[in-house]
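Consider the two complexes below, in which subunit A is the common component and subunit B and subunit C are the respective partners.
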Partner chain A sequence: MRLTKSEAVIALAGLLIWPFLILLNVTLPDAANRPNQPKEVFNSIIMIFTLILLSYLVFGILLKKQPKARVITVMNAALVFGVFFFLWLVVVGKIGKLNTHSFPSPNTVFDVFYSDFYFLTYKSSRDSIFRAFAGYFLALITGIPGGIWFGRTMRRFEVAYPLAKVTAHVPPVVYLPYAIAVFPSISHAIIFMVYIGAFWPIFINTLFGVYNVDRRYIEFAKILGASEKRILRRIIIPSAMPTILAGCLIGLVLAFVLLTAGEMVGAHTGLGFYLMYHTDIGYFDKVVAAILLISFWVFFWITFGFDMVQARLLRWMRRI
Partner chain B sequence: MKAIEVKGLGKKTVNGEYILKNVNLEVNSGEFISIVGPQANGKSTLLRLIAGLETPSEGSIKVLEKEVRGTSPEIGMVFQETVLFPWMKIIDNVTFGPISKGVDKKKAREDALQWLSTLGIDKFAEKWPYELSGGMQRRATIAMIMVNNPSILLCDELLGGLDLVTRSNIADDFLKLMHEKGCTVVYVTHLLEEAVYLSQKVYVMSSLPGTIYDKIDINLPEKRWEVPNLRFSKECAHYVETVRSKFEEAFTKSPHEVEA
Partner chain C sequence: MSRGLKYTAITSIFLLIIILNYLIPDAANRPNQPKLVFNGMMFTFFLFALFFLVYGHFMKRQSPTRVRTIMDISLIFGSIFFLWLVTIGKLGFLDPLRWPSPNQVFYYYLADFDLLVVKSTLATVKRLAIGYFVAIIFAIPLGLIVGRYPNLHDRLYYPVAKVVAPIPPIILVPYAIELFPKIDQAVLFIIFIGAFWPIIVNTIYGVRTLDVKYIEAARTLGVSEKRLYTKVLFPGALPSIYAGLFIGLVLAFIVLAVAEGIGGSHSEPGLGWYVLYYADLFEYDKIVAAIFLIAFVVVVWTGISDRIQSRLLKWQRRVE
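Right after this comes the complex of A and B.
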């Protein structure tokens, strides 16, 4: 493994920035006077370092094959997050010109993950992820088979397309008040909204992917004597897979967007609720902690739930 | 026995314009014929009709004395563009046909490897199609068709887009192969030299709407790959000249009737 000069500089910087940050944070106290500073300081840095680096480490090792590519992926991430963290730490935490209540320092924020472990890190995450995935999973098992069925012939496509065109662009949030009124619980209403939001991109992408399969593939498969069922399974679905997966990614991101929006409106648990509740009572460190946790979960599921499936299913495609 | 019998064949577009009009063609079993003609005159459509991918508007097509109704495993066809399924490895591409027809997987794999080694690309069996060069992809496509043991092979610009050396190499291999298997081949091309070198009869088609303008018998030795430099011989050049003059006639004289 040989790194070029600029790659080596990045790798070294990514490696050194974290010990430097720990040193900086330990030697220089936050501008806001808080008790039990030292323990908290150490915790927060170790925590963010471990979280980001570990997840990227696994990500890099699982997705990239060559050791060089792995090192570069992980070190790039370490450097980018390190610089971000450095700016936040210095500008907000150390200089102390900003209102420390409205703009909490990273030390205060990361302490929330510990001090509020049960409600935020465990319970809110669990409830939110359950809701997001219940809706998303329903969207997958209806959107993909539905899209395949409707995209299969021109006639069916012409039924589905106008319908999709009218319905898909309605912002899913508009269903929420009605869903809250009709469904037995707020959780059901949120799951329903997430389902609607994730369903359309998945369905439409599958529809177009299947409908636009290159005719030559199908004709050639026919020439080779394949049955309709085999053509569907071995030709049409793999050929449409890149488009289907693109729809699944949009659906996944949208699921989290709608989830938090829904939880802010009416839920009594979950990350969106946690965030809204603590904004109302003015605990902004907890708000920022919730925002970070949401972004972490979106990152986590896109990387581990999605990118890995995609890398596996599309391994036949030429990588740039 | 007649392998292919085309009588009074016509094909119209959706707008009612003729692409093919009154095409008559007879191919004996085991014969290698070429069809040459100007571009965009329905050569490919004729092949698609024989393969059963499209239905004729007029006339009839009989293959092995049976009316053509949809595709059949008897007929193999190589398209103008190389078609390999990019989501399958080369070996899976080649076994796709046999497995579709219900051949045992292990047997299909053995046959496929046999064909790949015949065509000289068995090293690449476990590669993805994008990892192969154009010529290798073309060979893999030929393997996909040949492993199905078709008794009739329709080739649309089989060697299109390949360089001269690869072209003549594949052409010789292909000719030998067809001779061994006793395949009936209909070969569409716009390269006259290639048509003359490969086939026993050359049909010249007119421009749109396409019809058979003339037929030229080529009396060259049957095992052409055994004669050194036959491609550049005087006889060959003579035939090419004959075909070329017919081709020009077909080009200029045929009425350009396009019905609105």
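Right after this comes the complex of A and C.
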């Protein structure tokens, strides 16, 4: 696999900016208004990230196990975010612009992951991820069959669509106080909210996907004597699958939105609660740490969970 | 049963509800409920259904499918209100604190008219409209430009968007409230972020999946760059942009509700604040009233945007 000159530059810059960050962090003195920042955690996380990038490069380019375009995209992203961390480190941490209260330096933020390891990195993450997936799973197992049933005939579709459109727009956050009053625990209430938030996009997209299946295929199958079950399995579900998966992705994003919303407003555990609690007492380094961790989890589950399932379920599309 | 008889029966459910509401005595645990507002609303529903029954069905001035859909929906709403009124308001099932009767709920539109219906609703609609509008103004032109240039898309936009777009905008709420002096500005910023990503993602998708033939044909005919954007790219991407606007509105509304709940007060009200404030005071009847009001706002909002949508997408129907 040959790289063009600009691609090679991007790949190298995307890799080398990260060790350069560590070098800067060790050699440059700290800003006068933020003396003696704890640097170990930031440096080690950047180091681990560098090693992952390096092994990805070796694996992808030298061993040729990955398509070239994907490697370049990853290195591009690494470069863009490397520049972001560079600016953050230099402007805030080393030059000391902006006030120390609302704008913590990356060194102090990353240190929170270690100093608050049990509450933030382990316990809050665990609780939040469990709630997100419980609600999302419930939405999948009710939204998809429901959408198929309502999308199957025109009459059901005409009724379900206007109702769904209105209900989907009502922000599920407003059900939260009610859910907390009705459900036995706050955790259940938040799972319910995640469920509602993820349900509507999944349901609406399944509804559309099933309703818009080319009628000719169904007619052909009927002429050839296929049973209703077979039509469903062989025609309706496969041809609605891209639309259904698009809805599942929106549902997953909304599940995380409602999870954090619910935890911020009502819960006593979880990442959203951690974020809100430390906002109220004014520890913005912990707030930023929680923001980064939530972003990481969302990115992680979408890239390494959803995208892979989608690539597997839609592999017939690539062949076409 | 003939169709006319069936539709007449459905229409008369609303009248039946009003009559029952006066005839049957209130439940012992909910004495002397103010019935005026609920009955008024049921009468409005009755007139609405009657219009479609007489003008649409008997005078045949509207399409039979439309009348059938309206009647199906009326049946669903009518039975929900009927069951709610009888089981909770008249038989007195469930505890009155958490499960208010419809009479009590709808009475607040009169009793709390100033704060709930006027101030909170206007503030929410104003914030939503401004934030959403600003997001549209930025996201659609940017999306058209980024979608037009593959290099800009691959090198800068995609790496950033892949990581940043799915991050729940809600987690920025506490930070925004800290950074911006007034809650209106913070809310505007958050709604902007929330609606921006779905709109730009879908705009770019629309531009990139647009048939290259159109762009090349326009080029061959000597169309200027500006006209290419307004006459080819924008209309071509419009169906996809509308999908983005839908998700953007859902997200903007969720984010708005949370931001108002966290940052609002009596002097800066909003529907989200109203719900979460009365949740702390355990006034669930007011919460249910606010939820129905939000649904109403959504109906009006989507009704208006559907009008605009069908006006702008007239060409699509003509093509089909």
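By our rule, the second predicted complex is superposed on the first by the 278 of 320 C-alpha atoms of A that agree within 3 Å, B and C clash if a C-alpha of one lies under 4 Å from a C-alpha of the other, contacts with A are read in each partner's own complex, and residues count from 1 in each chain.
Quick note on the criterion: contacts are C-beta pairs under 8 Å (C-beta built on N, C-alpha and C of every residue); 3 or more make two chains touch, one makes a residue touch a chain.
Computed from a prediction, not measured in an experiment: that's the story for all the values here.
K.L.:
Determine, under the contact definition given at the top, whether A:Pro238 touches first (subunit B), second (subunit C), both, or neither.
P.N.:
Only subunit B; A:Pro238 stays clear of subunit C.
K.L.:
Check the residue A:Leu23 against both partner chains and state whether it touches subunit B (first), subunit C (second), both, or neither.
P.N.:
In the superposition, A:Leu23 contacts neither subunit B nor subunit C.
K.L.:
Tell me the contact category for A:Gly225 with respect to subunit B and subunit C: first, second, both or neither.
P.N.:
Once the two structures are laid over each other on A, A:Gly225 reaches subunit B alone.
K.L.:
Is A:Trp316 touching anything from subunit B or subunit C once the two structures are fitted on A? First, second, both or neither.
P.N.:
Once the two structures are laid over each other on A, A:Trp316 reaches subunit B alone.
K.L.:
May I ask you to name which of subunit B and subunit C touches more residues of subunit A?
P.N.:
Comparing subunit B with subunit C, the partner touching more subunit A residues is C.
K.L.:
Considering only touches as defined above, state whether A:Tyr217 meets subunit B (first), subunit C (second), both or neither.
P.N.:
Once the two structures are laid over each other on A, A:Tyr217 reaches subunit B alone.
K.L.:
Please indicate which partner A:Ile95 is in contact with in the superposed arrangement: first for subunit B, second for subunit C, both, or neither.
P.N.:
neither
K.L.:
After superposition on the shared chain, which partner residues are touched by A:Val173: those of subunit B (first), subunit C (second), both, or neither?
P.N.:
A:Val173 sits against subunit C, while subunit B stays out of touch.
K.L.:
Would you tell me the residues on subunit A in contact with subunit B in one complex that are also in contact with subunit C in the other?
P.N.:
Touching subunit B and subunit C on subunit A: no residues.
K.L.:
Considering only the defined contacts, which subunit C positions touch subunit A in the complex?
P.N.:
Residues in contact with subunit A: 65, 68-69, 72-73, 76, 98, 154-156, 158-160, 162-164, 166-175, 177-179, 247, 249-251, 253-258, 261-262, 271-272, 275-276, 278-279, 282, 284, 287-288, 290-291, 294-295, 298-299, 301-302.
K.L.:
Going by the contact rule set out above, which residues of subunit A touch subunit B in the complex?
P.N.:
That would be residues 216-217, 219-227, 230, 234-235, 238-239, 241, 315-318 of subunit A.
K.L.:
Quick one: which bits of subunit A touch subunit C in the complex? Just the residue numbers, please.
P.N.:
10, 72-73, 76-77, 79-81, 102, 154-155, 158-159, 162-163, 165-178, 180-182, 197, 200-201, 250, 253-254, 256-261, 264-265, 272, 275-276, 279, 284, 287-288, 290-291, 294-295, 298-299, 302-303
K.L.:
Help me check something: in the complex, which residues belonging to subunit B touch subunit A?
P.N.:
51, 53, 70-73, 75-77, 79, 81, 83, 85-88, 96-97, 100-101, 128-130, 144-145, 148
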